[in-house]
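In the two complexes that follow, chain A is the common piece, with chain B as its partner first and chain C second.
So, the complex of A and B:
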């Protein structure tokens, strides 16, 4: 197996950043963001990013085109991004999975979103396999292997440290990282950076158990009988109807297209939208098919656990735990799924 | 804490059993041992769900805005100092009626901060929330039953951050606030938790009028955050919930506290949501008010 010495990791990333735009998890305040790598930055492995990597393929704010009005005529300038090659380091398996789920939305069923396609094709994914879960993780409940590296070009993982005695373990440089290529793109990078890599017999640190779990068996069938269930009223009472869960979710993908005009010029943009907001389903004539927080709340979970699964064969959740750790009132999908399991359905 | 929990359970059991309240809003144990989310109890049989521990930091008052009660029905809720000031805010703004509420007041010693936990953390040794270290009213200002002895306020950090920012040069202030506003993801959690943000329909969602664009960029973010700050000026009860709920960690209460500090120095000490009879300084004109523009 190939490995990189702990102290060589920043240099390895520096070397990668010479060839392409490199994004890596960096701490800013208490949150971790995928930021453009600059030499001397400090990598943050301990915690997953605040915003999921969906932001890098389907940004919260994406400019589409700008226009100017010239008398009777107008001019339109496309703003479709043509970015050079880039790599994202440190994507965890929950987020890797989310990218494959978003691929189905943006790249399948007869239409390809050009901006998404472009960003997807020019990006190398360098995964980070988890050995330690975070307090709100439950990816294994969704059938995800936190050390699988599926969909990545390259995979990094923590290696077991030699037994140095407890004290030295904490004062030492930290663990070395195993590295494994999964695609030809990954092989190429590994070959090019071979100076940083050595052979090792050390083993990968095994994954500790996720702190949370829930069963998904039969949940879709049960939900199909639960559209009018009183459970939605009870659960949604706690919801603040803010947009946190939808924005930090690696799989939520609703957007709005809006314009901004100033005098003779303006631009159109695509931005994230949230089904929790009261104007989300408001129609031009004033009718709203989801008039209260109950309908909005229900829709979000039905989309995750029913509608998406019916259309694409998988649940629209990867167990990253962001909705639990960021929700101000801790109303997350694992809790809701548990309540759905407990609910008594009156079969008429 | 355990004693308070038992008292809450007993009171709520009696209130529900005698049908004096329709619903009780308190806290229950969440998915993880350090999460205590809000709970809605409607039957005496459910009182075992209720808890009171170090993690009951959320402000419950905003839920009253959406509580549906028929005439004559009452709602009960557990109220720390900040919750009670939120309740007063809603009463003063004519959003709820005092006679429809039964308030179990709980003096508060400060709640624990769970926002940045890692698996290595020992959840028995977490720091106190920043907002609690700035709290001027840990004791409920309005209640029907008081469940513990009153505690002394120690708002050591109340204006600490404000004073820090005040010392910056104009350019540094601009850089600081731009950096903050740029982090905003426009989830509107700060608005939705805020008891002073009690409009039934928010200008932000009136897109056809076009008050506000949806673009997530510095100018629109700043416009949103500052408009909201001005809207709650003189009414902010300093519960610090805006900052607690903010997933992007914006220093939101610094803006509100700066306005409070200015109001205090211009119109005399005023704490919003503490006394129902107090006249709100920004709602009344006095002939001796400062008039710098003359």
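So, the complex of A and C:
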């Protein structure tokens, strides 16, 4: 197996950053964000980034076209993305999974999103396989292997440290990292950066159990009997409709199309939207098929645990735990899934 | 991030093609029909019941049913009801618009072929139905009896008056029109569509119903159809939702796991009965 010495990791990343735009999870204040790597930054991949790397493929704002309008006459000019090759280092498996879930939305059904496609094709994914879950993690409940590295070009993982004295372990440089190529793109990178890599017989640190879990067995079938259940009223009363759950979610992909006028010109852009907001389904003339927070709340959880699975075969959740730590009233998906499990369904 | 412009063909399905309004017909005080074409002719050739995104570039974009089409143009019948539609009602012929589509499944042409068809529409709900009526009349020999029951608030609010009272009856469509409230010149039936439907009492055997109108009318028409023993698999309706992308990605027009823009807007009542419907 190939490995990188702990102290060589920053240099390895520096070397990668010479060839392409490199993004990595770095500390900023008390949080971690995916940022363009600059030599000397503090890498932090042992905990989840504040926001998922979703916006690197599906930005909060994406330009679509510009237009001009002069009297009755207008012109339309498409705007296309032309970012060069990139690599994202340090993506954990929950976020890695979210990218494959977003692929099903943006790259399927006969309508491919060209900007999303461009970014996917031009991005090397270098995963970080977790060994230590965080307090809000439950990816294994969604069938994700936190050390699987599925969909990555390269994977990095912590190696067991040699049996040093306690003191030395504390003050030492930290663990070395195993590195494995999963695709030809990954092989190429590994070959090019071979100076940073050595052979090792050390073993990967095994994954400790997720602190949280919820059963997904039969949840879709149960939900199909629960569309009119009182649970939705009871739970949604607490919802503040702030939308943070959709903002931090790596799989929420709802968007709006908006425009900005500047004199005779203007541009249209696609931007994130949230199903929790009141004008999301409001139609011209005032009719709204989801008029209250109950319908909006219900739709969000049914989308995650029923509708998406029925359409694409998987749950639209990766157990990353961001909604758990961010929801101000603790209405996160693991809590709601637990309540669904407890709910009594009338069998007629 | 650098952004460059690309010409001429739009590769992004969210980017409209440039089109022009070439003719505007005032149907009622608040409905106008817009004929839209491009420099290269008809923007695309939709099937009856399909949709398109129409935009005024500096105002906004919304999904409309394509009410009809000619050799060189598409027709949209649009009620003045919000920001974009108010602005559309103010523009003149020659106005540049954006158009993209066609979207949606359209009416199930195979299913209705050879059948007796009963069209039931209320108000602007006649617009999507019109695309199928025109299609059936063009291929008249492929269908059995064709009947339309149509209602609006007042005689002035009846859309497509020329079609209703001249063109369609001449081409073999039985047209039955009612209004909620008559006026001095109206000598036809007065009353709501469901009551008129029950009065006409059409035979359900071998007949397919195509239903479109305001949600409340649909609700009561379905009750009447149930009374007359129409089967739900023989009732077709076309739905509307707020839409942004039109291609099943932006999220908001779902009914359960289906997207109205992609899998609809046309569903049978039997399909809707099986779905968690928020209308």
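Here is the rule we use: the second predicted complex is superposed on the first by the 338 of 348 C-alpha atoms of A that agree within 3 Å, B and C clash if a C-alpha of one lies under 4 Å from a C-alpha of the other, contacts with A are read in each partner's own complex, and residues count from 1 in each chain.
Note that in this section contacts are C-beta pairs under 8 Å (C-beta built on N, C-alpha and C of every residue); 3 or more make two chains touch, one makes a residue touch a chain.
On a predicted model such as this, the values are computed, not experimentally measured, just so you know.
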| item | value |
| --- | --- |
| First (chain B), second (chain C), both or neither touched by A:343 | neither |
| Contacts of A:308 with chain B and chain C, given as first, second, both or neither | second |
| Contacts of A:256 with chain B and chain C, given as first, second, both or neither | both |
| First, second, both or neither for A:9, with chain B first and chain C second | neither |
| Which of chain B and chain C A:320 touches, first, second, both or neither | neither |
| First, second, both or neither for A:154, with chain B first and chain C second | neither |
| Partner chain in contact with A:285 - chain B first, chain C second, else both or neither | second |
| Overlap of chain C and chain B interfaces on chain A (superposed complexes) | 256, 273 |
| Contact set on chain A toward chain C in their complex | 63-67, 69, 72-83, 105-106, 109, 111-115, 227, 253-257, 259, 261, 266, 270, 273, 275, 280-285, 287, 289-290, 295, 299, 302-303, 306-308, 310-311 |
| For the chain C and chain A complex, residues of the former touching the latter | 1-7, 10-18, 57-58, 60-62, 81-85, 91-92, 94-98, 215, 240-242, 244-245, 247-254, 256-258, 262, 276, 278-279 |
| Chain B residues touching chain A - in the complex, by the definition given at the top | 30-32, 34-35, 37-40, 58, 62-63, 66, 115-119, 121, 185-189, 191-193, 205, 207, 213-217, 241, 244-245, 247-249 |
| Interfacial residue positions of chain A with respect to chain B in the complex | 29-31, 46-47, 50-51, 60-61, 132-136, 211-212, 234, 237-238, 240-244, 247-248, 256, 258, 260, 269, 271-274, 277-279, 293, 324-326, 328-332, 334-335 |
